[in-house]
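Chain naming follows the written order as A, B and C, and within any one chain the residues start at number 1.
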Amino acid sequence: MNLPPEIILEAVLNGLLTGAVYGLVALGLTLVYGVLHIINFAHGALLTAAMYAAYVARTAFGVDPYVAALPLAGLFFGIGYLVQRLVIGPASRGKDENILLVTLGLSIVIENLMLAMFRSDTRSIDVPYAMDVVEFGPALLSWPRLVGFAATIAVGVALYVLMTFSATGKAIRAVAKERTGAALVGIDVAHIYAVTFGIGTACLAIAAALLLPSFYVSPRVGNAFVLVAFTIVVLGGMGSFIGAAVGGIIIGITEALGGLILGEQLGQIGISLIFILILLLKPTGLFGSRA
Amino acid sequence: MLEVRALSKAFGGLKAVDQASLDVRQGEIVGLIGPNGAGKTTLFAAIAGFHKPDAGSVRFEGKDITGLPPHRICGAGMVRTFQITQPFAKITVRENIMVGAYFRTPDRALAMREAEAVAEMVGMGGQLDQMGADLTVAARKRLELARALATGPRLLLLDEVMAGLNPTEIVEIVGVIRSIRDAGVTILLIEHVMQAVTSLAERLYVLNQGRMIAEGTPASIAEDPQVIEAYLGHGAAKVLRA
Amino acid sequence: MNRTTVLCALGLVAAVVFPLAAPNYLVNIGMLVFFVAFLGQSWNISGGFAGQTSFGHVVFFGTGAYTSTILQVTWGWNPWVAWPAAMLMGAIVGWGIAFLSFRAGLRGSYFALITLAFAEVFRILANSVPFTRGGLGMLIKSDPRPINFQFKDPIWLYYIALALCVVSLVVAWQLTRNRFGARLVAIRENEDAARALGIDVFAEKVRVLTLSGAMCAAGGTFYAQKYLYIDPSIAFGVDKSVEMLLVTMVGGAGTIFGPLIGSIALTTINEVTRGVASVVPALKNVQPLSLVVYGVMLVLIVARLPDGLTGLFRRKPRHA
């Protein structure tokens, strides 16, 4: 295919930026897996809900998504905490098959509530900077994506600091490594589980706010992202932060290049195919340890 | 009947089984004993196809079965039970045993009769309608035994079938195992309960830290200094003799 | 004759007689109940009996729908002949997905994920490939004569759906009485123990998914013949996967009547919410709300009623 290098570069760079936000979505998922050892099928629906929340913040209250990001993160931390503490935890009683179905049930409930409230039309917000671009050499980078990239890095750093230096972070790591031992030293495991889930959901909320300027919202939008998120998590390795970051970037670039070469529609197939191949060939992913 | 030669299996850097060899002749009851962590279950797993041996060979009735998958080994006539019982929880005892019986026949009525006969033999005749999940430890052990028996094996590998049983239950199950042998099934068993093993087994193998350190009749094993040291620690043999 | 047999016979008679007296609107609903029950049963076989939870079963449905439609529209095949061809394709796809996934040792959540991915791949392909007319979808020319597998009177599709449902019930019933079914249950309960007892776990899993794929594909063809239109999101969209799983789980996974009971429950909830919405104008969107109820039911059932609604009918508890 004869594409001028500037176009390719632009695609790659934009892919990288988008990939970072995908990575943020994946981060929540991989965190929850790494600590609770559950694959959260409700992740996509929660993202949808967060995007709608950001949408409402903008359309009903005039709050810019970038400004709404932090308050939304707080709100969704609370939602995530309650969901894990009151629904997922008690309903699944720790069994793997149960968790699968409970999170699926949750995703059905959330998605259809969104559908009932907002109907199936796609919506988008109008912000003055949505179409802004920044010049980067020969490439034109989308401003919202640049902001997204920067914000993701900030969140990544913040999480790293939290996990390494704070008491909560240490408790989380303890529970992730050795649940019974952690309980024995007095850590409230149910609480930590809920906190972790809350953090994962908060990451989703921030990602939602970052994605809103560039993407349509619809009740199904979460679904599309969730497959991407799962691919990233599996590619990067379940439970690995670095994996989520690297995976996100690889997927972002793959999507951009795929779209460029195969067209918008068919380009999406690259992600699903990568997903299938990783699961078949190396389910632990690039950086993961558990199979 | 069973010839295991120089079998080795390592996990990561740790050699769980190191060049172990053993023989089981038809009609015998042979015991495999050794301190905790000696590698007995790993050896069983390697023989029965649940792990692929890194080295060595397993021959059963003259055929090389090294590394074959478990269901093929079952086909050859050898079946194992599990140390931690694995009942099929949501179905009845009868249905549990039938899964084993179905190995020999596709016919439901036949499998059911077979299952009921095996249950009688093992002493579970009255529990056929109980759910797998509802059984006591002793009953689960019998179920493991019954299920494996129902496949019609010529060699039965029993992994700590007496663990968790009280003395009465042990006596009962020793009787059951004897009658299984008398019915024509050869038995190789891993056991910790010394009394039971020494009264049941005609020959013993002793495994310590992956290596086979002794072989012989229960009486000769009890005198073997290496065995005493394996269980009681270095220098114990000398101390005991003094 | 025991209680169950009598109930079944009565049920069958009622089902046969029902459309003769009922208005078309209700006949259509009845048809949907049996059709969804049939699809659910195809999921039940692999997901309920064998315990292999798939989130992408729609891949078989869509394969069936597109196979028979393409054969009909593009190659002029008679739909009755295209139907078994669709089932064959469904079986092949089932075999393929099972072979790849189980060869790689995928279980539980990973298996669920990969089935989701396969369905998505098929959807994207259907959207992009010329012989499926891409996103435009495919229209079957309306010519309601029985030879075309199209009928003027909804009663015929009702009876076909009923027949499919009955066949699927018989298949499930057989699974509770034969070796194959017993082995599937053993695999579900404990794969290692099953292996130790001589069961070729891989082969049986592939077998069951092949069967499930064929059944589900048959449903796809039926659907295409009813609505005379399919497109990638209808044929491969995640909704159908969820529906199949839901009716089975709610009704009782691994039971004979689970999918049927679940289907009846779903339809009832649907109609009730529709009725409520017609009285309370604020609740405009019916469909999503009934699914909300269903999702909640799923969570509750997983938490409290592992045997689904069927568990309410059993006299003796089937689990500890």
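Throughout what follows, a residue touches a chain if its C-beta (ideal position, glycine included) is under 8 Å from a C-beta of that chain, and two chains touch if they have at least 3 such contacts.
Because the structure is predicted, anything quoted here is derived from the model rather than measured.
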Exercise. Where centres are the averaged C-alpha coordinates, which chain has the largest centre distance to subunit A?
Worked result: B
For this session: Report the most central chain, judged by the distance from each chain's C-alpha mean to the global C-alpha mean.
Result: C
For this session: Mind checking the centre-to-centre distance between subunit A and subunit C? Centres are C-alpha means, answer in whole Å.
Result: 31
Exercise. Quick one: subunit A and subunit B, Cα centre-to-centre, how many Å?
Worked result: 49
Seminar exercise, completed: Chain-centre distance (mean CA atoms) for subunit B and subunit C, in whole Å, is 44
Exercise. Any idea which subunit C residues touch subunit A in the complex?
Worked result: 51, 53, 55, 100-101, 103-104, 106, 108-110, 112-114, 116-118, 120-121, 124-125, 127-128, 134-135, 238, 242, 245-246, 249, 283, 285, 287-289, 291-292, 294-300, 302-303
Exercise. For subunit C, which residues count as touching subunit B in their complex?
Worked result: 177-179, 182-183, 185-186, 189-190, 192-201, 254, 318-320
Problem set entry | Residue ranges of subunit A touching subunit C (in the complex, touch as defined) | 39, 41, 87, 90-93, 96-98, 100-102, 104-109, 112-113, 115-116, 119, 219, 223, 227, 230-231, 234, 263, 265-266, 268-269, 272-273, 275-276, 279-281, 283
Seminar exercise, completed: Within the complex, subunit C is touched by subunit B residues 48, 50, 69-71, 74-75, 79-82, 86-91, 95, 98-100, 102-103, 106, 108, 111, 131-134, 147-148, 151
